[in-house]
Amino acid sequence: MDKLTEIRWHGRGGQGAVTSAELTALAAIKEGKFAQAFPSFGPERRGAPVLAFNRISESEHIRVRSAVTQPDIVVVLDPGLLYIVDVTSGLKDGGALIINSSKKLVDIKLEFGGPWQLAVVNATTIALELLKVPIVNTTMLGALLKVSDAIKLDFLLEPIEERFGKLAQRNIEACKRAYEETSVAEPSPTSKKVERAYAKESWPSWQELAPGFVVTEPGNARSYRTGDWRAQCPEWNHDRCIKCGICSLFCPEDCIRPNERGYPEADLYYCKGCGICARECWTQAITMGEEVKE
Amino acid sequence: MITISIDGQELKAKEGQTILEIARENGIYIPTLCYHENLSPYGACRLCCVEIFKGGRSRIVASCLYPVEEGLEVKTNSPHIINNRKMIMELLLARCSQNEVIKKLASEMGVEQSAFKAKYLENEDCILCGLCVRACEQIVERSAISLVNRGVNREVAPPFLEPSADCIGCGSCAYVCPTGAIKMEDKDGTRVVYARNWEKEFKLKKCKKCGNYWAPEEQLEYIREKLNLPPDFFDVCPNCRESVP
Amino acid sequence: METLGIYVPRLVTKRQGFTPGHRACSGCGEALAVKLVMKALGRNVIVVMSTGCMEVISTQLPYTAWEVPWIHTLFENSAIVASGIEAGMKALNRKGTPLPKAKVVAIGGDGATFDIGLGAISGAFERGHDFLYVCLDNEAYMNTGIQRSSATPFGASTTTQPAGKVSMGQSTWKKNMPAIAIAHDIPYVATACPSYPFDLMNKVKKAAEIEGPTYVHILSVCPTGWRIPTDMTIRLGRLAVETGVFPLYEVENGKYTLNYDPPRLRPVEDYLKPQGRFRHLTPKMVKKIQQRVSVEYASLKEKAASG
Amino acid sequence: MDKKVTAIIDKYDADRGQLISMLQDIQAEFHYLPREALIQVSETMGIPLSKVYSVATFFKAFSLKPRGRHLINVCLGTACHVRGASKVLEQIERSLDISRGETTNDFKFTLETVNCMGCCALGPVVNIDGEYFGQISAGKVDSILNKYS
Amino acid sequence: MEKIKSLQDLEAFRNSIAEKRKVGKPCIAICSGAGCLALGARGIINATIKEIERQKLKAKVDIKTTGCPGFCEQGPLVIIYPQNILYTHVKVKDVAEIISKTVINGEIVDRLLYTDPTTGEKFIHESEIPFYKKQRRLLLGNNSNIDPNNIEDYLALGGYSALAKALFEMTPEQVTEEVKRSGLRGRGGGGFPAGRKWESCHNAPGEPKYVIANCDEGDPGAFMDRALTEGNPHSVLEGLIIAAYAIGSHEGYIYVRNEYPVAVENATIAIKQAEKLGFLGKDILGSGFDFTVRINRGGGAFVCGESTALMASLEGKIGEPRAKYIHTVERGLWDKPSNLNNVETLANVPLIINKGADWFNGIGTEGSKGTKIFSLVGKVNNTGLVEVPMGITLREVIYDVGGGIKDGKKFKGVQTGGPSGGVIPESMLDIPVDFDELTKAGSMMGSGAMIVMDEDTCMVDTAKYFLTFLEEESCGKCVPCREGIKRMRQILDDITEGKGKEKDIELLERISATLKDTALCALGTTAANPVLSTLRYFKDEYEAHIKQKRCPAGVCKALIQYYIIDEKCVGCRLCEKACPVEAITFMGKKKPVILDQSKCIKCGICKDVCKLGAVGVK
Amino acid sequence: MKRVGFESSFAIAEAVKMANIDVTSAYPITPQTHIVERIAQLIADGELDANYIPVESEHSAMSGCLGASAVGARTFTATAGQGLELMHEVLYVASSMRLPIVMSVCNRALSSPLSIWGDHSDVMAVRDTGWIQIFAENAQQAFDLTLCAFRIAEDPAVLLPTMVHIDGFHLSHVIESVLLPEVDEVNKFLPKFHPLYALNPSKPLTMGDFATPDLYTEAKKGQDEALRNSMKVILQAWREFGGLFERDYFPVETYRTEDADVLLLTMGSFSEVAMGAIDRLREAGEKVGLVKLRLWRPFPFDEFCQAVAQAKLLIVLDRAISFGGPGPVCSEAKAALYHLEKKPQIIGFIGGLGGRDISVEGFQDMIHRGMDKAEQGKFEEFEIFGVRG
């Protein structure tokens, strides 16, 4: 049987994971290979964790259509996802984990190293510098090129041009620069994946559903964490805050409340990091800082 | 966690919560006029009174203030309570005979007319619930108005019934007023906050960029001084300000 | 009109029927609108919602973000489901089943309101049911991925009417839905925008208190569909109002009131420029839009002036 | 005025709990609570003026209006009432042509009432400038007032 | 004087005072209680001082101004020691005679002795007088022996020995236990067991803890707290210090109403003296216990007698009560555990500590222990303060102590408990004075005002009086109290003006019920008591006003007419002169005066001035 | 009980009145109009205290019922043909939200060409919407089964919407005699509706959620179980009805099927006509019988197998066409019998489309043709009965 490379992309709604997967497939097809790209269809929204998948075969039509559960390569577009989604779930021994992070390779390795190749690139910085937006889809393709020969840069150029038009050149630059700046650590076959607890959803059985699927517990969505969607986190400068409450009124999540001292505070369990509060604050007391997990 | 029962419903509550809070959380309606969830409870209107049962004895308490305790049994609608509420509404209706909010609430409770003689009916809007005073004190932290005089002569007013230097024209008092006794209007670059016996006028600041009036100058000056912001900080309205530091 | 200022927001109720934990996009103006609507309405309501973003993001089994009785059935029928609820409650009450007082509120997006559900809305308005219809207008079918609706403004690029080499995006003018509502002679019609939260809440409260069919049209900025940064939601709403693209007004028993009438309108360009969906517009197109907005605004002003 | 007020505030170590005592002293000094004094108390003590004003208007002992040279206090306590205090009050009102709470135009008398001075055994009681007159009747009013003219 | 630093020092100091006083100098004790002052005691004092100086007796005779012994009706009162001769109704012109006759020569001035109004018998000593005979004057007894501004007087009588006992022989818990066992209940009105209150406050979490003596005696008609604070301030202070010790408080307040300037002054002096001698301050009597007291003056608000309102005003706020679902012993002044006791309650404490709970327990009834001071006022012969053991009947108080109704009129009712209490009718005069019995009768003990009413008192007017009082005194915070009392007063206005309707009574009852159920504080919840109790016992009077438009007692102006009883009138023209509106005209000798009803304003002056009883009311 | 002459439509309206419904939300369409017109008149005359929502389409008619039922009101509507098709989408919602709406369907052909006359095309098109579907054969049954429908639908163990089918014109517009029970008796049979869940601010519920693939299957499983389990309640309700009113109903009813070799299977008003044909053939000594399907959904598998298993031949008349496939009833019958060892052969006819009449003679003819075809082994053929060549 032909060699089949399976890739799983982890991103957030609006970040470009699906685009990455699509471009990957197009590049592979251009090269003459057989490839698939597809997202995990769902109602998830901008900021919510999303998945996209690739399968690339050297010379055969690929018939499998189900989600990739045992990837050869995992690409993580948002460093925050590492702590909320089990990105290495099913990752094959000897496979590759590619992460967008500002952290150093050695530091990442402590946390996410395993019997797989580990690649780290500070894609957000590259994207912000070259594209002026924190969308890292093409940048991460550069990192993918560095780790895997499933696709080649030459065949990627055309799809990028088609997709981005005027902005293509800058995207290609981002891709190339990421290729240069990606640092890679070889797999350490003996090392084990660091186990961590990820939130797991448990689903009711059919008998447990009320007739008509009525939800009888009002507002139980409160237990649903949307704070995971956040890429940036609001911070209040108390010297600048007059506790006026405007931030709280404009919060679409309704998650800003005064603390004991009367200063507003976002409930990070829900805050999606949209930045409205910072934008609307009269005294510019709020800034959106980089999200730091754990 | 504490378990209490309100009108026969078993409910969970946290230590320190009041009966009214629990009722509201569970969609049980208890009328009030002086309660606001974001202000300290005051217990003045007495509309929220409920009957509690403890150790075989019943007692009437103000639900906005009464802290729940394990096993507490509450009735919000006993005939006793309803009679009292009606009487309180009759009293309020006698005071505010022309006020639409009071009239409506009274009629919802089945009180169409106050039993008091017409010659004694008053045409007040203020019910002295103190919400405005508490808002100004606890939220705005300015205390520009207070409850002055005692008893039947009580009213809400700034000191000496003159425009208060402490008032920054935020309008919290007008917003929180349940009966419309305090009002606020913005018109042609001027804001007026007023009640029957007092008012204060504010000049509104014009945004240098878009030309819209957007906030009272006194208010902006207050913020600016409090936070030690540069003099030109509020020259443009937040909408015209592009960068966020 | 707008009493928003410092501190007043802290007096807005914390409790509402729509909880956090909903799955709206980051920066969603529509979720904000729903939050404000629910703050204004309190607990004694029954909400009927059309299929759309708000339904999908708030009630994913086994969760619900609603703390009021809430029902969704289909895309196009929330106005009539609301009619049924209202009629049912009236009948039950009349026949001796005591029910708590509750206002029926139907909420639908622009697709549900302008397009697929228009017939049902018209029917419910005409029959005079005591209910409030709230349209959350984000100017396209956002739930399915930014397809044009009859609420999509002229010149906006959507996935079903994209800007292209020969296309300038939406080629028709936005349907005047409030005018359609007004034409039904219902007692109250208003436009609102969450960028003016107190105005919005006042109108919703007012509409809920009036007996008979009432209509509140809320412009709900969609950062995803409009292609703007998520933190620009409030600002865009204000720009829509300040440029006259989306004037805030209310019509009470046929009487027009313009709630926000600045001495001078901003140029529409201020509103169009930050939005990705208008990025392709040529100066000529912008001018055309400006002209149309000016004319419509003037006509609205005239109506307000004549009372 | 400032100095006198400052001295009074200092006497109580600017203790907020002693606000009422301070106002009592200020009133003893000026016979009423002058507006400026209240402002000074508010500023020195860091108590919002509205709160000071609120206290000054709540308690019956305080007057925000200048008072006459002689302060007449008619006791309307129960014991005095049952012995006809209201008739005494009415007579004083008639004699001075003012109502309770008011001051005569010549600023000679201010007429106030008090709900018990603790001289219940001798009711009705009238107190003028600290001097008690017990077992008064309406008929005796004028002769007492005459002492002060 | 130096600070007393130990128990031994205290005994030594007490002995030195006793030593000084052995000499047995004659002493003129002049009551300077408010009642006597109102009757001219100030003049007596001045005259005495002058006379002593004139007669150059300064070295031989002591003058003492003392507190109120309670017999105010008979004032000004003067007692001559060592013979203990009581003179009543003393006038300035009597002073010289008293000094020369009694002080110097030991002769008795007969004319100044107390004469029983009914028997005509004269009494030399206080204790022989019927007014005092049935009393048990545990608290008031010393008032006439003590100069309140002289701590030595108090010490000479064993003062502060209870404090010493508590500090050196008892733990705080033992003190509390003793008070608990004594059965002492709060004298301010509520009747809550004092010991239990102390215990709760002691056990409540939070520091510091405060103790407060409540001398904001707002009850019109009551003045025992005043008499105690003015007459024997150290007894109150000692009680307060002991309470502080038991509770673990180091800061205390005495809240005195500003209408009691003498009380403020005497208490201030007492505190200074106690501080100087080391009864207050750091390391009291060398025991290690610290305690300081401040005086706070009220601003004239009846509602400040309510504990939470009082504490609010102690914080410099308006005297608005708050709900007491969390008791003040847990969260009171400045949100800290606070113990508030009435002055009279505290004055009992040194007695209990000294003589023991069992002794105290032996006085009074099952549920109410000790004595209670009442201010017996109104239409009774012997008005004044009376201290009687609990359990004595109302009839004994009014007739035996009080000497019956003035001018031989008919008794109608007695109001106890002040504005929050009720009127008790003749038929119930035999109920014992006891917290629970009075409550059962629809009234209450209150702070101890006892206002006797005779047939000339209109009950509707009385109810209206109390409502007018409460309307003025309501803080205005809660709706039922502020609005309800006003409306009830308006209804009573109508009734007394002859405009009452029959359904008004029902409306009064409905408002009363709501007030009782829903008002925020005790002022409101009990506000309807005067109305309810008069409705209960004197409904016929209400009905007379409403149905017959008649005021049986001849009080309600709109329903009465003054008229001249021709047979009695001699034409002296006093009334004509007194009438402020010239409604009376002299008609010559045969038919002396006529009263023009159209002009009459019903001020009643004519009736007041007529010495012949020729003015009638119908 | 009194005997009156009533159009079936009026009989249904009478049942609705006796059920004391709270709300009807309806839109006119032939041949259903007489039902709602009659209800409107009853309301107008004050004989029925209910709210009539005169909606703007059938889609809205059903939607209005959804809303009213969701607050706990007893609801009824009626429609036919195109109307039922327009409701289609809403029908699924009603059943999956478990709202016990009762609806009369005056079975009608579907466009195009436009036909206002009866057949079962509309019925079969909504077969899979999760409703309980019951067929009536005459005015009396229309009355009885409508009453029963409320009882069944609202049973807390069921809570499913229910259609009572009457054939357009053949029943709807025909006047017959009907026995009407007394109201008290009806009240005994049909208690007040107590919804399990209802929209009520004092107990907030969320109805009509969104389900991801993780839960949709479970939701549907629950719904299917409910429909299957409703059979017990249906049997119980009909048994009780029989006890009270002495008219018995069964999911599958048979006529002279004892020892029959050949059975005819029909549904609705044609069944009574077919009974005439059976009588004549029996007179002629032929061992034929008639099987009538009263309950179409949930399909009464056991009862059906029991009724037909002993026969040699089952002739099925479908009044609906499934283009390019077997008649729907026929294929259902085949599927039901497939697992049995001993089962009849099946011949399917399609007939009575768009109001085309079939007389007693016609049925005789159909049975004979069926028998012929069976003999010839032409089992796969679906003949459209009476079609002109």
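Letters are used for the chains, namely A, B, C, D, E and F, taken in the order the chains are written, and counting of residues starts over at 1 for each.
To be clear about the criterion, a residue touches a chain if its C-beta (ideal position, glycine included) is under 8 Å from a C-beta of that chain, and two chains touch if they have at least 3 such contacts.
Just so it is clear, the structure is predicted and the values come from calculations on it, not from any experiment.
K.L.:
By the touch criterion stated at the start, how many steps lie between subunit B and subunit F on the shortest route?
P.N.:
Shortest path length, in steps: 1.
K.L.:
On a CA-centroid basis, which chain has its centre farthest from subunit A's?
P.N.:
Between subunit A and every other chain, the largest centroid distance is to E.
K.L.:
Need the most distant chain from subunit C, centre defined as the mean of C-alpha atoms.
P.N.:
E
K.L.:
Measure off the straight-line distance from the CA centroid of subunit A to the CA centroid of subunit B, and report it in whole Å.
P.N.:
Distance between chain centres: 46 Å.
K.L.:
Report, in whole Å, the distance between the mean C-alpha point of subunit C and the mean C-alpha point of subunit F.
P.N.:
43
K.L.:
Calculate how many whole Å lie between the centre of subunit D and the centre of subunit E, each centre taken as the average of the chain's C-alpha atoms.
P.N.:
Taking the average C-alpha coordinate of subunit D and of subunit E, the gap between them is 22 Å.
K.L.:
Which integer distance in Å separates the CA centroid of subunit D from that of subunit F?
P.N.:
92
K.L.:
Which positions in subunit C are in touch with at least two other chains?
P.N.:
Within subunit C, the residues that touch at least two other chains are 5-8, 10-11, 14, 43-44, 56, 59-62, 64, 66-68, 100, 235.
K.L.:
Using the touch definition from the top, which residues of subunit B touch two or more other chains?
P.N.:
Where subunit B meets two or more other chains at a single residue, that happens at 27, 139, 147, 149-150, 223.
K.L.:
Touching at least two other chains at once: which residues of subunit A meet that condition?
P.N.:
43, 203-204, 209, 213, 215, 218, 242, 245, 278-280, 282, 288
K.L.:
If I apply the definition of touch given earlier, which pairs of chains qualify?
P.N.:
Inter-chain contacts occur between A-B, A-C, A-F, B-C, B-D, B-E, B-F, C-F, D-E.
K.L.:
Which residues, counting only subunit A, touch subunit F once they are in their complex?
P.N.:
Result: residues 42-43, 201, 203-207, 209-216, 218 of subunit A touch subunit F.
K.L.:
What does subunit E use to touch subunit B in their complex?
P.N.:
Interface residues on subunit E, with respect to subunit B: 301, 318, 322-323, 325-326, 471-480, 482-484, 486-487, 490, 494, 507, 510-511, 513-514, 517-520.
K.L.:
Write out the stretch or stretches of subunit C touching subunit F in their complex.
P.N.:
Within the complex, subunit C contacts subunit F at residues 17, 43-46, 48, 55-56, 59-62, 64, 66-74, 76-77, 80-92, 94-95, 97, 99-100, 102, 119-120, 122-123, 127.
K.L.:
Quick check on the complex: what are the subunit F residues that touch subunit A?
P.N.:
96-99, 159, 196-197, 204-212, 214-215, 217-219, 221-222, 225-226
K.L.:
Would you mind writing out the residues of subunit F in touch with subunit C in their complex?
P.N.:
Answer in residue numbers: 22-23, 25, 49-51, 53-57, 59-60, 63-73, 75, 89-90, 93, 97, 199-212, 215, 219.
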